[in-house]
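So that we are looking at the same thing, I have put the structure below in structure tokens.
We just call them A, B, C and D in the order they show up, numbering each chain from 1.
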Amino acid sequence: MTVYNRIAAQDLGRIAALSDGIFAFAMTVLVLEIHIPESADIHSEAQLWAGLAALAPRIVTWLLSLMTLGIFWVGQQTHLNHVAHADRDLTWLNYLFLTFVTALPFSTRLLAEFIGYETAFIVYWFNILLCGLSILACVIYAERAGLIKADAPAHFSQAYRRRVIVAQALYALGAALGLISIPLGIGFIVLVQLNYAIAPRLPVLFKL
Amino acid sequence: MTVYNRIAAQDLGRIAALSDGIFAFAMTVLVLEIHIPESADIHSEAQLWAGLAALAPRIVTWLLSLMTLGIFWVGQQTHLNHVAHADRDLTWLNYLFLTFVTALPFSTRLLAEFIGYETAFIVYWFNILLCGLSILACVIYAERAGLIKADAPAHFSQAYRRRVIVAQALYALGAALGLISIPLGIGFIVLVQLNYAIAPRLPVLFKL
Amino acid sequence: MTVYNRIAAQDLGRIAALSDGIFAFAMTVLVLEIHIPESADIHSEAQLWAGLAALAPRIVTWLLSLMTLGIFWVGQQTHLNHVAHADRDLTWLNYLFLTFVTALPFSTRLLAEFIGYETAFIVYWFNILLCGLSILACVIYAERAGLIKADAPAHFSQAYRRRVIVAQALYALGAALGLISIPLGIGFIVLVQLNYAIAPRLPVLFKL
Amino acid sequence: MTVYNRIAAQDLGRIAALSDGIFAFAMTVLVLEIHIPESADIHSEAQLWAGLAALAPRIVTWLLSLMTLGIFWVGQQTHLNHVAHADRDLTWLNYLFLTFVTALPFSTRLLAEFIGYETAFIVYWFNILLCGLSILACVIYAERAGLIKADAPAHFSQAYRRRVIVAQALYALGAALGLISIPLGIGFIVLVQLNYAIAPRLPVLFKL
């Protein structure tokens, strides 16, 4: 059992390292999608400012995805920090979560390019949903397989699960609002994310 | 000898960190290969759905390569977790393994672009074969050079070698099937991979 | 409290790992922006040398951004090295800092492409300003939240804050000079950066 | 002094993590430079094989750069493994080394695109020279600043310096041969690299 624990602990480090690489890469790729104005079209300072202002939809979707990435990066950390050691199945569940994270630059590009299309918005929301469901699967599996640290706060997994479910319910509401009006849906999701990123302590409802 | 071990242990960490960076990068690059539909061609929600549906071959090869990467990422971890310390030769053998991993986005792109061509399929399979042979070389070298941890399970290297050889035999069978029908070959390889990724405990034959 | 500290300590490692991934990626992306000459235009060694010489503006902005990245990479390390453990807010502040770092390849590309434009230079300077302000927020927050290591040098945070503010004042002076002459502004900023990178001990004024 | 050492030790970890990210990224970028054949030009298996065979110059330069990266990755590890702790200057010297490493994909692309041009070959060799000189500066500085581990093998720095100087002399010989015939120069450099990568123990001359 000692051998196993030591090996598994290293596995946790590998999951964390792979995750940090993927999040770092995804964050940087998001910026690469924002193309600078074509120099052939620019002949004055005013045109350059106008060219930059025309990047607004890209910048909105960039900020949106940055917050999505940040929320899931912090969320996965919190999950892994309460796990004593990994096993093969937890590793694969985290790998599944990471594949959905790697898909986010694709969904973001789609949303930025087709900002007026319901289809693009639904794909984007679906990507968030898959990230949420897969991290939920990680947390539930870790609890059932007895991988949680002995000294983790009581009801940790329960609180974590409730947090994910409330967040995903709010995102689903945002998706439903998006079927009425896409800017409304995006705006709602941004507000939900700002709540999780900036003011995690204010609303008791969302508190971990 | 104490000095050497301490240095070598750090080397193991460097191998793991380089590997995680490469796998993280390869996973994200695979998604970058899936290009969103051209906005000039899209004028309705239905066209956008159709444009996304047309990405199916890219998505199939993406999932295929994600599983390939996952299997080798988990496999290399298991190898490194049983190694007490690295030496220069083990470091270079792992580096060789990683170069074949970095080639996978190339093979995937080739397969996605030329999905109907035997040549592309054979190149893809050959890439998997090189990954398998090089990780096998790492495991065999580690054992012969006496680098395995003293408390590793008995017959660990033997079981690992058998696992790699069985897997590669199945991949080779998939490649042979691909010479009859490429979808059949891809389908068979996907099934073999799903077995390793999702249900590693069910078939006694493939159990480590 | 022990549990919390252990979890928070792991969080520090995750912040560091995400940061190193982002800096590594940004450094490499900067080089990818330097395109080799078009082979269709090159028919002799002399033309190839000329084609390489024509890359000069790209190489100047590359070196400028390499120094910017290096200064902030070293600066953030120094910050994190004096923090005993992270909390959720410090993690998000560091994430904010990193988002401004990921924007640097964009600003660099803009500056290289529009090297004669005030707009591009101001955007570049503004990016440096945002990096500086966000790392300042990290340092101030860490001090107020009592996250500084007990054995950190006395007045560490005060010295760090003064260093950032002096540097940003010099960058702002460079930006003002850029409104008179862009090469003058860039040259001044390069000198300030060389001072921080190469000769950090010489000028007492900038000493930490 | 305890505080300082603890901080500096973390710095060593940050240098290693940044390095692994950069090497991982550079290795993967090298493969991205190998473009698959254009599907519009391919109508048969034979044409696809021919298209792949036409990638030969890219594959040669890819293998060349993979070995270059591997040699410097192993070399820098060996350097860092013998350092007890970093300081600001060693960090910046390693950063300088890493900037030359990030330039390697550029030099490789140039060499692959202009394989018949002396200019491209000299730029490539110059990049290797800069990597060698900067890692030499790291090793010399670490020794003079008293940063070497107390239990490092005697004459470690001296042996390391001799190894770098012999290798760079051989690379310079390869560059000189390249002025006579570029394939001869490349071939000679490949042989030198194979010696360092594959058979480090055979020639007593190059032994560390």
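Observations, loosely collected:
As a convention for this text, contacts are C-beta pairs under 8 Å (C-beta built on N, C-alpha and C of every residue); 3 or more make two chains touch, one makes a residue touch a chain.
Being a predicted model, the structure only gives us computed values, none of them experimental.
Note on connectivity: the fewest chain-to-chain touch steps from subunit B to subunit D number 1. Interface subunit A/subunit B: under half of the residue numbers present appear on both copies, so the contact uses mostly different residues. In whole angstrom, the spacing between the mean C-alpha positions of subunit B and subunit C is 36.
Subunit C and subunit D have Cα centroids lying 25 Å from one another. Among the residues of subunit C, those touching two or more other chains are numbered 17, 20-21, 24-25. Those residues of subunit B that touch subunit D in the complex are listed here as 2-3, 7, 10-11, 13-14, 17-22, 24-26, 29, 88, 91-92, 95, 98-99, 102-103, 105-106, 109-110, 113-114, 117-120, 123.
Within the complex formed with subunit C, the subunit A residues making contact are 16-17, 20-21, 23-25, 27-28, 30-32, 34, 36, 39, 42, 45, 48-49, 52, 66, 70, 73-74, 77-78, 80-82, 149, 151-153, 197-198, 200.
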